[in-house]
Amino acid sequence: MTSKMAMRILTAIVALIFLVSWITKSGSGMSDSSFTNVRDGFLITFAVFLTLSIFSFLYRDNPFYKFAESLYVGISAGYWMCYGFWSTVVGNFVPRASRSLSEFFHVPYQEHADHILIYIPIIFGLILLTRLLPKIGWLSRWSLAFIIGATAGLNLTRYLRSDFISQVSNSFIPLFVDWKGVGSFISHISLAADGQFIAILSNWVIFVGVMCGLVYFFFSKEHKGAFGVASRIGIWILMITFGASFGYTVMGRISLLVGRITFLFGDWLKIL
Amino acid sequence: MTLHDRLLALDRRWVFGVLALFVIIPLTPMFSNFSVPVTPVKEVREIYDFIEGLKPGDYILLSLDYDPGSLAELHPVAYAMLEQCFAKRLKVITLTLSQTGAQMVEEAVKDVADSCKLYHGFTPERGIDYVYLGYKPYPGLIILGMGMNFRIPFPQDYYGTTLDSIPMMRGIKNYDNVKAVINLSAGNVSDYWVADGNARYGVKLALAMTGVMAADYYPYYQSRQIFGIIGGMKGAAEYESLCKNPGTATEAMKVQVFAHVVIIIFIIIGNLAYFLGRRQTAPTQESR
Amino acid sequence: MKRQIPLVLVFVFGVLLAIQYFVPSEASQRGYEFVLDWITIIGIFAMVLGIWSQIHVGYNKIKHRSEDWQYSVVTLVSMFAMMFFGLSFFGGLHGTIFRLIYNNVFIPIQATIFSLLAFYIASASYRAFRARSAVSTVLLVAALLLMLRVIPTGPLADPINKIGNWMLLVPNLAAKRAILIGVGLGGVATALKIVLGIERSYLGKD
Amino acid sequence: MKYIILLFLTCLTLCLSQAILAQTASLDPPAEAALVPSEPPAPPSNVRVSDLPNDDGHGIQVKWNLSPDDGAGAKSVISYDIYRADTPDAPDSLWKKVGTAVLGIKSYADKGERDAGSRDYLPKHTNLYYRVYAVGAGVRSAAAAAGPVQATDDWFNDMKVPELVFCVVFLILTVRFINMAKKGADLYVRPLAGIEAIDEAIGRATEMGKPILYVLGIGTAGDIATIASFTVLGRVARKVAEYQTSMIVPCIDPVVMTIAQETVKTGYADAGRPDAYKEDSVYYVTSQQFPYVAAVNGTILREKPATNIYLGYFAAESLLLAETGVLAGSIQIAGTDQVSQLPFFVVACDYTLLGEELYAASAYLGREPLLLGTLKAQDYLKAIVLVCMIALLALRVITGADVIRKPFDMPWW
């Protein structure tokens, strides 16, 4: 009971702050028209309210977050439907399906398109909708089979080059860059970034890393003995990479937060 | 419950709260005098030293090829560098190869020129101290064309004045007449500058770019195809510090440094707690 | 009928499109474009199923007054409102109200949710970066090194920067390559399993 | 990789060059005329034309020898313009400019459109003639017209022989291992912690009386990671039905939702409990990344699932989901083929399937001989790659010769 009471008081306070800030905000607008001022004041205050509601999730789940989330999901779904309708249905489908519909939506009718072929996906689409009818719902699997079969066929070959062939062929790197004998190597050894030592070291790391990484992903053999050592090195290389990528990303994520903070304190409260 | 137990089970809301605090604090006026000591790395310093080493009247070309989306990271460099060039009384040729950047770059160049009055007591004049050539599409061809003559891709500047009637452009034909090209980029334009500008015409080239891109271009720095590189917010702050002209990058770096220190301290605390806990529980495990 | 036809469809389209990759001729290119188009158009019909699912789930919650049913009302109302303002009468995607809602509700929430990552990356680091074992120590040290790049460390700045860059370029390349080679192989294997009908759990039982 | 990108960018430049040079020419002709000593560069020579290989029959390859003034001589060449006409002696107005190549380039691929109505249409099986100009600043000179040439279709792209060989080898290996498996050969696969955890996790959910959350990622049904995730979903659903727990599957795409519904239904039917399947347990949220994350995060905190399984294609939401799951106290198992998101899953989740392991998961869970057969075929190919790499590099070190030269001879620091 007390928590319910506290929640109500909290809601009331938030509503009050919201109202007050809206009024002050709309009074300080730049525009001449008072309607635009009031509207913009409301909108920015509302945006701030939503921003804080989302941040409140960090403390715990609460009605404000639930509200912002539901609103966001609803608006996103509505936006997506509109977008899908205008870009795919009107932009892609109507111009090839019917002249009168094209005229209705003011899109140019495509004279030369192959009109018969467009009925095949329409049939598949209608079959898909049989899901909504319990009796013949199994028919929809035909459409699913088409989609799955087609995408599997596309994927069977499409990424072979970028993911497999070029990755393998790019791994043929010189392991002894500019090799002029052991004597020369030792006498010129240095930690300079563009030195021979670093170049050779880097290429060895890449070569050994790829090898051991592949060994790590081997399913048929247990990680024991020499095989285990190699897979161990493989996982180390993977972990160095993951750690480095993680650490590198921190800066970008903090920048996102700074953007939100400046919105709250700069654009809204104008105290920064 | 001992201290390390508490630390190990620390509610993450403490982490959130402390982080939020240390992101907001450096932005408050309290910290306006506080500055992060920035140690410029070699590849940033080289660009600064190069520009400092130029004589008044030397020409330099700034290709500001970023869009408003990457403004936060690259604007600080553009401002600091332009001001440095103006203060050195260099002749600056500016242009953009980013479609959405044309107006933004114009405003930036004007802005710096106007503010020079305040800090250096003279106002660089358009046409005498700097030109802004504007935007043209297809960066690769523009860069190649300028290698022949600036007038091929840019017969006129942004404002429609033919280059021959601009005082500072008289007798300035192509890259041979500029000391260096500095490319500030948020996209693949840098590839064109390296491949077409540097490789084909031997332009002395330096790059400033967003943090995400920078790591990919270090090989060019290593092979000396470019003589310097400024990466992201951090590079921008370093350049500002070299110019003794702290701006928005220095400001944002305050937040970054605070946030990173907070996170690292948390990691250290977590590890200390872990090791303390392990030392205490270890004997009981043995006796069992 | 219920099971054979779908399997035949999967096999026929799978094999045709796999072969298409190797055939550059005009007929093959056109066929490829058609199939891509078809998938998009079937997607439009699937959208109906999406709306249906959303309404169905929301309606059931409201009807049974299950926990938090009020929020389902918010979702459904905002969805229909957005669809209503997206009608051509209001200017479609470029309508004033549509854009106002998008810019003042959608964008701020989006940016805020994205910025939650700043907090999460901090709490994940605190919890996970502990030197429990050799492997997790490697992870910890690599992450710390990259984070230290941002902090002014005076004379250490240059070496830290260099080691950081090296880690991003060299071991990163090796690990990415090892993973990608595996992913390339695994992708082919998965597609093959589907096309050959070895894997058919999505096709129903009866 | 960088070289490939550069090559690609150069090609792009070439393709786009036509428009820009046309534009520069029309910008301010008097200014240009004023600055150029009007001596046209020497023309290119020996123009050769042939059908563009490996295309759909609407492309011609044009090659020429560089003008003596290109990079040498008067150094006055900026670019080459390529023109096309139906007859060799057509008047200038009937020659159509099809493209531009910058100085130093000796060939151009004239790739036309297929549709007769479009602007860049290049007819098939028709005699065509080509002319190449060397262009200086405002002046140009042409080589003699070359032709005739006809564009023709090709039925096999010989650039893709490696892929074909690979596919055939893979298919043979797969069939071989599947046959072995059918005959009852023992195909050993080493245990994978992440996959064994799935079984435990379902058991744990049963004990706790809480649901299992299964997230298929933000990919569409066209992503191979999503397809792989479906195959795992079917097996998880079957186990869930056997253990009589419940599961929640929020989806980001209507097609993905439909397939997921069918998959889960099948899983329940396989377990002999088709009645236990509830249609609303697999539902559509919305098709955008962050709204989807907001909704799933809410679900995680409200339902407090015993186990969260994230398998499929993921982007920035990986950490958002995984950290919320930690807060809810769920056991978390993740897997994706997105290398950039793996660090976040590795840090925040209890078990992570790295790349390929996601694809292997269904074979592990099902333990059916057919699936293990494909897994074995994968392993054999990996072994072949390993051996080839070591052998070729050893050969290179021993002979000192570049067996296969690759553009990686640059310092990596």
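By written order: A, B, C and D. Residues from 1 in each chain.
The definition used in the following text is that a residue touches a chain if its C-beta (ideal position, glycine included) is under 8 Å from a C-beta of that chain, and two chains touch if they have at least 3 such contacts.
Computed from a predicted model, the values in this text were never measured in an experiment.
Participant: Which chain would you call central, comparing Cα centres to the global Cα centre?
Facilitator: A
Participant: Using C-alpha centroids, which chain lies at the maximum separation from chain A?
Facilitator: Farthest by centroid: B.
Participant: Find the two chains joined by the most C-beta pairs in contact, please.
Facilitator: A-C
Participant: Could you grab the centroid distance between chain B and chain C? Build each centroid from C-alpha atoms only and quote it in angstrom.
Facilitator: Using C-alpha averages as centres, the distance is 32 Å.
Participant: I'd like the Å distance between the centres of chain C and chain D, where a centre is the mean of that chain's Cα atoms.
Facilitator: 15
Participant: Quick check: what residues of chain D touch more than one other chain, meaning two or more?
Facilitator: Where chain D meets two or more other chains at a single residue, that happens at 163, 166-167, 222, 224, 227, 255, 258-259, 262, 285-287, 290, 294, 302, 342, 344, 346-347, 354-356, 360, 375, 378, 382, 385, 411-413.
Participant: Would you please write down the residue numbers of chain A that are in contact with two or more other chains?
Facilitator: In chain A, 54, 57-58, 66, 68-69, 72-73, 75-77, 79, 84, 128, 131, 141, 144, 147-148, 151-152, 154-157, 159-160, 164-165, 168, 170-171, 193-194, 198, 202, 206-207, 210, 214, 217, 238-239, 241-243, 245-246, 249-251, 254, 257 touch at least two other chains.
Participant: Where does chain C touch two or more other chains at once, residue-wise?
Facilitator: 18, 21-22, 39, 42-43, 46-50, 54, 68, 109, 113-114, 116-119, 121, 123, 125, 127, 129, 139-140, 144, 147, 150, 162, 165-166, 168-170, 173, 175-176, 179-183, 185, 187-188, 190-192, 194, 202-204, 206
Participant: Could you please specify the touching residues of chain C with respect to chain B in the complex?
Facilitator: By the definition above, chain C touches chain B via 118-119, 121-123, 125-127, 129-132, 140, 144, 147-155, 157-158, 161, 165, 168-169.
Participant: Can you list the residues on chain A that touch chain B in the complex?
Facilitator: It is residues 58-59, 193-194, 250-252, 254-255, 257-258, 261-262, 265, 272 of chain A that touch chain B.
Participant: Would you mind writing out the residues of chain A in touch with chain D in their complex?
Facilitator: Per the stated touch rule, the residues are 54, 57, 60-61, 65-66, 68-69, 72-73, 75-77, 79-80, 84, 112, 128, 131, 140-141, 144, 147-148, 151-152, 154-157, 159-161, 164-166, 168-177, 193-194, 198-199, 202-203, 206-207, 210-211, 214-215, 217-223, 238-239, 241-243, 245-246, 249.
Participant: Under the stated contact criterion, what part of chain D meets chain C in this complex?
Facilitator: 54-58, 114, 124, 153-157, 160, 163-164, 166-167, 170-171, 174, 178, 222, 224, 227-228, 230-231, 233-235, 253-255, 257-259, 262-263, 265-267, 269-270, 274, 279-280, 283-287, 290, 293-294, 302, 316, 319-320, 322-323, 326, 337, 339, 342, 344, 346-348, 354-356, 358-360, 362, 370-371, 374-375, 377-378, 381-382, 385, 412-413
Participant: In their shared complex, at which residues does chain C touch chain A?
Facilitator: 2, 5-7, 9-18, 20-22, 34-35, 37-52, 54, 68, 71-72, 74-83, 86, 88, 92-93, 98, 100-102, 104-106, 108-109, 111-119, 121, 125, 134-136, 138-147, 150, 162, 164, 166-185, 187-188, 190-192, 194-195, 202-204, 206
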